[in-house]
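Here come two complexes built around subunit A, the first alongside subunit B, the second alongside subunit C.
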Partner chain A sequence: MTDSAPEVMDGAREMVLALADDELCIGQNLAWWIAVGPFLEEDLALTSISQDELGHARALYGLLGDDVDALAYARQPHEYRSAHLTELPCRDWGETLVRHFLYDTAETVRWAALADSSWEALGAVARRALAEERSHLRHATGLLSRLLRTEAGRSQLLPLFDQFTPMACELFELPPGCAADDLVAAGIMARPLSDQRAEWQAAVDEAVASAGYQPQWPADSAIPASASGRAGQRSAHFAALHAEMVEVLSIDPTAVW
Partner chain B sequence: MSRAVLAGVVAAVRRSVSQVCDPEYPEVTIAELGILEGVSSSDGGSTVRIELVPTMLGCPALDVIARDVTDAARTACAGADVSIEVTFVDDPVWTPDRIAPSAVGFLAREYSVAVRSRSATASCPICGNDALEHRSDFGPTPCRSVEWCPSCRNPIEVVGRVDMPAAMEAAPASPALA
Partner chain C sequence: MRSWDSMEDFEAFLDDGGLVEPDDDMPDAYREAVFRFIELHANSEYMGGLTERDWIAKAPGLTNKLTALAKTQDEIGHAHLLYMVAADMGVKTRDEMTADLLAGRTTFHNVFHYRAHSWGDQIAIAYLVDAAALASQQAVFKNCSYGPYKCILRRIIAEEGFHMRNGEELLLKMAKGTTQQHEMMQEGIDRWWWPSVQLFGPDTRPDDVLLRWHIKSERNEDLRDRFVQKMVPQLTAAGFTIPDPDLHQDPETGRWVSGEIDWDALKAAIAGRGPDSARRLNDARLAWDGAAWVRSALDEAAAVPA
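Let's turn to the complex of A and B:
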């Protein structure tokens, strides 16, 4: 454990909760592709990534308390801190791919900024997760670059960047009461979030530049602070997602896997 | 408990948990797979602590492994006044390099599963060709990828994703096998 001041650690725990909730929501959503992926390898890839993300959520919740299931499932909706992008359901494979690309590119930047954290246990989880992220990112960028070489791919995927990039900026925001400057000063996070977001935007720009496309980046998150997932406001999709996650538990609270 | 008795209990627990088998490969032990990191006493001798290294953070078998290890440890120290603590550690990071050579041979022979590590190229467990072609990082479990053998024309499961050894360069070999 780091020896940072208690109020800094409270902020760090809020940040970890937000990261864990992102992983939980996107991991659960990706599991929708089980058995219905567009081709067998893709079915296995998306559901393996789903498992990985849920594993990352478990590791992060484990930094906050012993009862990981209670943290993951038994909170009230306003107590979750997930970014709205992660709460979107998977139905269309193109949407899933673009979101997966934006999310895993962001995650790679976020984990790297935590890999040498003065909160040693968080640093260990970040290094562990970063090693797994490489395959996620290779999967997303490999498919994206191939599809963007085709006219059909460009016409279907590029408009989705306009749709998702503003929302995805929320991935680089922290819950209120979580002072990013203090986290950097305490060595819990290596770089300011604005730096991390800039690196992420540059990586996204580069990935779509070959298709002659430039995403429009808002100066601030498209989601106003009062409606932000980080502040406890859930998107319209969260209720159904949460109901699905706790379906078995709500029938039998003593059920074990 | 005297120091000698405690050392005996720790040794008995180590022997016992070393024999716990992996749920996916029931003839291969967690020690051979490099999942067992270490067994030691803590809290002034009142606790025997067993450290495990997860192959992947999202491995659904982690809970089963922890339960089997706990059961084996309890059996080994029955009668001794110690509590058992089983914990998954994030450091070191598991890599296929932690798999013992004997288990690599067994997996190839009995399961037709290859192992990709830094110390050896993954060769086809069916025909021995060592020029497998990468097909997908994602196989039947999170820790296995899929390759293709152009020689015998079979899809091959390979333990480890393609960049795992490089990504985890700093990870030491499993001390459980030392």
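Let's turn to the complex of A and C:
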């Protein structure tokens, strides 16, 4: 544990909770693809990534308490901090690919900024995750670059960038009560989030430039702070996602499964 | 590439423990029979993945979710390997096998024509179906004459063994759990017992070429009997009952004797008239057709230099 001031650590824990909730929702949504992807190799790839993301969620919740399942599943909806992008079901494979690309590009930047964290346990999680994230990103960019060379790929995928990029900016926001400047000053996070977001946008721009496309970036997150996932507002998709996660658990909360 | 002058020579080679490789000039009847067998196995792993996927999203807790996902991913991985080995035999391409499966022209195991109704069913699948499948696969692996199949069966068996142990562990949790958990597990056993027993198939015919050509090494009835002898005491000890009112112990041998097996249920399921056959194939078709643009765009991209 770092020796940062208690209020800084409270903010750091809020940030970790947000990251963990992102991973939980993404992992849950990616798991849906088992046996129904475009081809078996892709089912295997997406569900490996799903397992990695759920593993990251478990490691992050583990930084916050011993009862990982209670943290992951037993909170009220307004207590979750997930970005709305991660709550989207994306039952269309093209949607899943674009979200996967935006998310894993963002994660690579986010984890890199935490890899040398003064919160040593967080740094260890970040370094392990970063190594996995690079292979996720290879998978996403490999498919994206090949598909964007085709007319069908461009017409299916590029409109989704317009749809998702404003929402995806929320990945670089922190919950209220979590002062990013303090986290940087305390060495918990290496760089300001605005820097991280700029690096992410540049990486996204570069990946789609070959298709003659320029995403329109909002000046700030398109989601007003009061309606943001980070502030505890859940998207329309969360209720169904959460109901599925806890369907068996809620049969009997005292049971050991 | 090896070739044989006659079927007698080929069978003598097999009887000596010879392993056939894809580029060998194997007899057409052998190629066809082994291909059909591997294709059935591949289809079954794939449809098994579809059967199990209903409960992955709902699996209770992160550890169970990760384990359930990894298990089903193993099944899809098996399907992937098996389709590749089958395609190498030169009878059908992977796409042709998929098309035949989705059109109902080829079959998959009876158990994957049923629906998993609860988390208890999901455990019953791991415990009963995976144990039955493992026993069958071990019997094929033992003496398998087709080299590439034997090679991937080694890996499949290792993973199925893990699934079965996971099933045992989860079943014991349910056995020691709340009344509701116990009931849920009993219902799962009630639903999956008979399909699992039927999975071994009717008694093997004496002229079964799969036995003669060392694909199968044991008769269906022997494998089925061993399954019953193993499962009945385990389930009973855990406090569960077997949904077979005629099940009894032979007073002389002490062996468990099943009641009459409803082979019509097996035939109906395999013919695509099982309780969940239509939904299973429909899910697979929707997924396959819905992503057709991805496959054709990737083919197109592969044909054009970057």
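The criterion applied here is as follows: the second predicted complex is superposed on the first by the 251 of 257 C-alpha atoms of A that agree within 3 Å, B and C clash if a C-alpha of one lies under 4 Å from a C-alpha of the other, contacts with A are read in each partner's own complex, and residues count from 1 in each chain.
Rule of thumb we're sticking to: contacts are C-beta pairs under 8 Å (C-beta built on N, C-alpha and C of every residue); 3 or more make two chains touch, one makes a residue touch a chain.
Keep in mind that this is a model prediction, so the values were computed, not measured.
Chemist: Give one of first, second, both or neither to describe whether A:L44 is in contact with subunit B, with subunit C, with both, or with none.
Modeler: both
Chemist: With both structures superposed, pick whichever of subunit B and subunit C touches the larger number of subunit A residues.
Modeler: C
Chemist: Is A:E132 touching anything from subunit B or subunit C once the two structures are fitted on A? First, second, both or neither.
Modeler: In the superposed model, A:E132 contacts subunit B only, not subunit C.
Chemist: Could you say whether A:G55 touches subunit B, subunit C, both of them, or neither, answering first, second, both or neither?
Modeler: In the superposition, A:G55 contacts both subunit B and subunit C.
Chemist: List the residues of subunit A that touch subunit B in one complex and subunit C in the other.
Modeler: 41, 44, 47-48, 51, 54-55, 58, 257
Chemist: Note which residues of subunit A are touching subunit C in the complex, please.
Modeler: Per the touch definition, subunit A meets subunit C at residues 28, 31-32, 34-44, 47-48, 50-51, 54-55, 57-58, 68-69, 72-73, 92-94, 143, 145-147, 149-150, 152-153, 156, 244-245, 247-249, 251-252, 254-257.
Chemist: Report the residues of subunit B in contact with subunit A in the complex, numbered from low to high.
Modeler: 54, 56-60, 63, 89-91, 93, 135-140, 142, 146, 161-164, 167-168
Chemist: In the complex formed with subunit A, which residues of subunit C make contact?
Modeler: Subunit C reaches subunit A through residues 46, 49-50, 53, 55-66, 69-70, 72-73, 76-77, 79-80, 83, 119, 170, 173, 177-178, 180-181, 184, 283-284, 286-287, 290-291, 293-298, 300-302, 304, 306.
Chemist: Under the stated contact criterion, what part of subunit A meets subunit B in this complex?
Modeler: 27, 41, 44-45, 47-49, 51-56, 58-59, 121, 124-125, 127-132, 134-135, 138-139, 257
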